[in-house]
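By letter and in written order, the chains are A, B, C and D; residue numbering begins at 1 in each of them.
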Amino acid sequence: MKEKVVLAYSGGLDTTTLIPWLKETFDYEVICCCIDCGQGNELDGLEERAKLSGASKLYIENIIDEFCDDFIMPCVKAGAVYEHKYLLGTSMARPVIAKKLVEIARKEGATTICHGATGKGNDQIRFELAIKALAPDLKIIAPWRMTDVWTIQSREDEIEYCKKHGIDLPFDHSHSYSRDRNLWHISHEGLELEDPANEPNFENMLVLGVTPEQAPEKGEYVTMTFEQGVPKTLNGKAMKVSEIITELNALGGKHGIGIVDIVENRVVGMKSRGVYETPGGTILMAAHEQLEELTLDRETMETKKKLGSQFAQVVYEGKWFTPLREAIQAFVEVTQKYVTGEVKFKLYKGNIIKAGTTSPYSLYNESLASFTTGDMYDHNDASGFITLFGLPLKVRAMMLAEVEKKNLGE
Amino acid sequence: MKEKVVLAYSGGLDTTTLIPWLKETFDYEVICCCIDCGQGNELDGLEERAKLSGASKLYIENIIDEFCDDFIMPCVKAGAVYEHKYLLGTSMARPVIAKKLVEIARKEGATTICHGATGKGNDQIRFELAIKALAPDLKIIAPWRMTDVWTIQSREDEIEYCKKHGIDLPFDHSHSYSRDRNLWHISHEGLELEDPANEPNFENMLVLGVTPEQAPEKGEYVTMTFEQGVPKTLNGKAMKVSEIITELNALGGKHGIGIVDIVENRVVGMKSRGVYETPGGTILMAAHEQLEELTLDRETMETKKKLGSQFAQVVYEGKWFTPLREAIQAFVEVTQKYVTGEVKFKLYKGNIIKAGTTSPYSLYNESLASFTTGDMYDHNDASGFITLFGLPLKVRAMMLAEVEKKNLGE
Amino acid sequence: MKEKVVLAYSGGLDTTTLIPWLKETFDYEVICCCIDCGQGNELDGLEERAKLSGASKLYIENIIDEFCDDFIMPCVKAGAVYEHKYLLGTSMARPVIAKKLVEIARKEGATTICHGATGKGNDQIRFELAIKALAPDLKIIAPWRMTDVWTIQSREDEIEYCKKHGIDLPFDHSHSYSRDRNLWHISHEGLELEDPANEPNFENMLVLGVTPEQAPEKGEYVTMTFEQGVPKTLNGKAMKVSEIITELNALGGKHGIGIVDIVENRVVGMKSRGVYETPGGTILMAAHEQLEELTLDRETMETKKKLGSQFAQVVYEGKWFTPLREAIQAFVEVTQKYVTGEVKFKLYKGNIIKAGTTSPYSLYNESLASFTTGDMYDHNDASGFITLFGLPLKVRAMMLAEVEKKNLGE
Amino acid sequence: MKEKVVLAYSGGLDTTTLIPWLKETFDYEVICCCIDCGQGNELDGLEERAKLSGASKLYIENIIDEFCDDFIMPCVKAGAVYEHKYLLGTSMARPVIAKKLVEIARKEGATTICHGATGKGNDQIRFELAIKALAPDLKIIAPWRMTDVWTIQSREDEIEYCKKHGIDLPFDHSHSYSRDRNLWHISHEGLELEDPANEPNFENMLVLGVTPEQAPEKGEYVTMTFEQGVPKTLNGKAMKVSEIITELNALGGKHGIGIVDIVENRVVGMKSRGVYETPGGTILMAAHEQLEELTLDRETMETKKKLGSQFAQVVYEGKWFTPLREAIQAFVEVTQKYVTGEVKFKLYKGNIIKAGTTSPYSLYNESLASFTTGDMYDHNDASGFITLFGLPLKVRAMMLAEVEKKNLGE
């Protein structure tokens, strides 16, 4: 019996070429897996396509809800944004995909997993770290790094190679940009973006929405409710998280929200430049933060922001299945206990403009904040506070004055 | 000879009332100081007004350039934003004002400084900590906290009190919002903002610009150059920092940039809600960050972001004149050595949209970032990297598998 | 019916004096509570003493196990050490005491809690913040801060006042040092310690053990086991945590372990100097850390150390009953999942010398660590790792060389 | 003309073998460099030895003072300790050695640097990152990683290889432990240490001193002075830093100070176990910290501790020549301005026992710290302080009580 390899399969030219290549080069039985995280591609006919290309089996797994609940929501609650700009759309998807690949490999008794990520990017790291953590005994094949046995250089070579192996299928034209898409976002790299001096050519690029200039002249109010940090309703209608994100994508795309142009630092040691569209995600994170402003105390919020940045790094670096990610997530979970309430905001040409927030657990105390003093706070108390709060500065200044006096006296 | 008090004087009703009150209550000779940080108020006639009210002297000090160079720029370089939203407009101004008050107190041989900040806000802390640090021997009078001797309750009381002391001056009508303004920003508190459930009434509120809705239909490109983190030219014209901020205020105000609605955590332990307009500052900080993306390495940027948040806290809490502020500033200064280059962006209805960045010190390496591999990086190297980078995860997974096996065997 | 006050009562002169004073000054019914955290004082006869002094009731609550399990152990697991030196003995005890006082106040329907902490220390803050968090409606009386109604100045005054109110009891002589003791530690302040230039007079001071000089000439091996971060056996004998600490106190005291002389920074803004004896606690924390070295991965350990320092601050500042403390504790709890194993060490004249560690969950892999290479790691992989790990430095150096070349060319 | 390679040369068997190997394998002209950081080995006769082995030249560079002033002291001032235990003895030496190698390579016009570090350790990373940062154009040869051309497997092979190439020299016997030594420390790895379950065999191992058990029965007082964080005198005698460390090494070694047994996390992803002797360094860092307790304010100290840990990581990871190291060092430098004064302590059997500290810049204020109140602090002020400091807890507790009441009412 042949060894089995589980191949992360999209149906595109690259991963289709891998089917005959894996068979020819290593004599594997190839099991294709197409993991649907909401990338929106055509799944009809995929099975025939895979089998025609020589795969023994095709799994199509819709994991959108698992992706939303167990991967996206922890990041939203953590406020995880890499380098303060990137909402981790691709980073969050890799571990959930790897988890499914491992599950299928176990079920099938496969010895190997093969992915099509390149040798310069972050995705190879994310796939492989997840696999190592979940199934350290599985072998991993990353063809694009195997320059001795993978000699195919171009799209044309791939088509040629497929034809030679009896695969004559129609493929989409080469994408202009290098892209990754799922329910949360789409990323764009390459072309004019490769020189940071260039302005992005948004007209040719955007997929999930329009630029602020193209957005409607009239803004649109949105209301959301959250319970313990999780979105529950959108404009009054109860929905599950995946539905809320879908709906927010439509709203955000329409109003030019969540387009980010960034030079980011990859794990593999280089800067790269990309444009991300995260219309719904940007709104969801802003709405969540709007509610936290009201319901988290200062020190919890401050520590959470630091850990949220670190969470983003951990996820970006592919370290999802680690004790550190679990531990930070446990921290965050505790902070969300009272992140419950309603936020209102207006979407208008790239802006998310707050329009009011309420919560039964609001820590904002109107009588305290206003200028008339209630019984919780006496203006005299402020004097005592300042005396002690400023004591270290005063002691230091007195000491320095004394030293100076002494020095002058000498 | 009478003891002298230096009074932070604005010419408004509140601080004018303090002149007779300080004389009557403590028998001080009152020296008024109006410190101009760019608040844009009318300074003509201020001297007569102060003297008529009983002051023995009025100092008018224009410190806009010192404010920009020594207080604003360190915050810009540090990327200092309090709670990720507030650009510290008021926080940065208090220490420079206090410094001037102390200088005048020393020159005049005054024993006391009096300020008009209330007992519920942060400003009392910022003024007093700065004074303690610079002149620990000076007494401080904060009338609004002295509920035993300061019995005036309302604007009407103040006018009455002035009249009784022979001061019959025209005063502006009570501001609708409680505001603080300088070259960097204007803040708004009170009225409908006191309930976070309310949407701000921007039409009545905004002073430095318009809302995104009211901004022009056509965006506007802006080019800036920086040297070692300091802005040097705007649209090709060399200017000093204060001029650049002034110009950016005009541009930002026009395009609806930099309006922030925030529930923030005060030092004195409560949440408060305010709206800030920081049109030029928002652009300046974004442009500076755009250049840093290209010129700072990952780890320096990451550590700088953490210290920048802490810098913001230190400044917010009034601890400008402390070793910690100096030490963080020294850290930041080193990071700015190569933050030199040109940034281009477009302003459009509340958005600052990047339109290209260049620097002689760019760490972005196009040949590395693109998919064709140069001689600095072999795809095989990535395999070695991942093996070591993922080693801890793999060792752990193997250990857990072994433990499980043992447990099953038992 | 009179209002009731719950008084934190030790049986000593200070708190005994408070009984008649509370009745006389405020007409309270006084309910005394003696909370036993292992301070080792005489509880016999306490009830008669309290009643004789005018209390209506005395509660004696032994909370040693709750103190150990719910307050000490979270700190041990977190590695919480304030300013890298102080093991928080007093800080951890205050919130558990306050919790009991509140419980009794609720049970008795009291309106007020009275504690005897001074106006210069941290304890007033810890008691009062805990009470505010647990029972914001309760009034708090801190007599030593009430300089208008509390006019007693000295020990002699107190004895006098007691006699005048019919209380004629024998009191211990004034302690030479100001001390606080519980199962975890004893602190010493005052006398020669008030000048940091002085060497501590350990001979007169130490209570729980001896100096290293006085310790036995022969060291002593100790073995402990932990499960999920919690100590389970000591020298092979299973015991509950409070018993283990008791036993470790004896061992540590005998061998001169855990004596710390520190100038620390109080919450109230001043430096103070104290000596702490924490014989058992020092050993317990060292043993726990010895096991973590083997069972935690690098990044988890590193983040945990940072959060552990912050946990120490939170506890030191009296903020036990806060979301931040709960959230950090949740983080720590996750990290402890595999902190299971055995540690061996030798106690000798102030030293805790490691003598071997084992764990089924050890992340130490002997085949990896030794110089002969197994199949998990190829020396070639290191080359790839270094190429990528050092890429940012190399790109930067090349860029700087290029700029220099250009500048020379000009 | 042949290409030149600069070889990091110790005179031992390993690096001597590299001379003929480099010539034979790559046809290099070999220039040997022996960099003296205080490793205490025999330098007499080294030149003949190198030349006899085929080197064209030998440089012997004594860089002890540069090592002390520019590498050790920044770490001491920063309080840089890796994983709270390791004083970075080897980590600090690698970049200064690499710097010298690069200088000599430039002077000689060499194209390549060769070092003898293995493929499993941290040192390869430290050497190579330093070389990349200082001279990105230089080639690096790390023979032990070149498994295709480096086929020598054992000490016997090396001797054989040397003999075959006409080198017949006496070599020390194989060290029992794998060691690295310089002025600051000596490290020990291998043998019984490879199993963390084993107690170290200190008797066979220690080089710089004795165990606490073997140390004298009588302690010894030491006095040191510092100026701006730099040690200036030892027991009253002015010395330069390298002399002070030398003298402290003798004192510390005698009294059993600074022996650390640690399982640490290497950069290359594995745990390793080692014993470090850092007798003088341990004392120097403790003395420096003792002075900082008195002269640094709370917040500066706290931030410095975090950055000091990060500094340790940066140095441990070989990233000395980076902007981040420079920036943290600038932070630290500012904090040292007033770290001036005298510290006294007693060395006794592994213990460093504080015996008094003084500084003209002491922030300890005796009148504040003692129980009688001076004019800087009114006990009433503490009430105001606590009211505001505890306000967030109280507001929160009131809000929760209200919610609960409402829920009960429903």
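Structure notes:
By our rule, contacts are C-beta pairs under 8 Å (C-beta built on N, C-alpha and C of every residue); 3 or more make two chains touch, one makes a residue touch a chain.
These are the chains along with the protein names UniProt gives them: A, B, C, D = Argininosuccinate synthase.
These numbers were taken from a predicted model, which means no experiment stands behind them.
Seen as a C-alpha superposition, chain A (Argininosuccinate synthase) sits on chain D (Argininosuccinate synthase) after a turn of 180°, to the nearest 5.
Centre-to-centre spacing of chain B (Argininosuccinate synthase) and chain D (Argininosuccinate synthase) amounts to 40 Å, using the average Cα coordinate of each chain. Look at where the CA atoms of chain A (Argininosuccinate synthase) average out and do the same for chain B (Argininosuccinate synthase): the two points lie 31 Å apart. Listed for chain D (Argininosuccinate synthase) are residues 265, 268, 270, 297-298, 319, 322, 362-363, 365, 368, 377-378, 380, 382-383, 385, 388-392, 394-396, each touching two or more other chains.
If each chain is drawn as a node and touching chains are joined, the picture has every node linked to every other.
Those residues of chain A (Argininosuccinate synthase) that touch chain B (Argininosuccinate synthase) in the shared complex are 83-84, 118-120, 124-125, 128-129, 132-137, 142, 144-145, 147, 178, 190, 194-200, 212-213, 219, 261-265, 267-268, 270-273, 293-294, 297-298, 301-302, 305-306, 309, 313, 319, 321-322, 344, 348-351, 353-358, 362-366, 368-371, 373, 377-380, 382-383, 385-386, 389-390, 393-394, 396-398, 401. Listing the residues of chain D (Argininosuccinate synthase) that touch chain B (Argininosuccinate synthase) in their complex gives 265, 268-270, 296-297, 299-300, 303-304, 310, 314, 319, 322-324, 326-328, 330-335, 337, 388-392, 395. The residues of chain C (Argininosuccinate synthase) lying in touch with chain B (Argininosuccinate synthase) in their complex are 297-298, 360-363, 365, 368, 376-378, 380-385, 387-389, 391-392, 394-396, 399-400, 403, 406.
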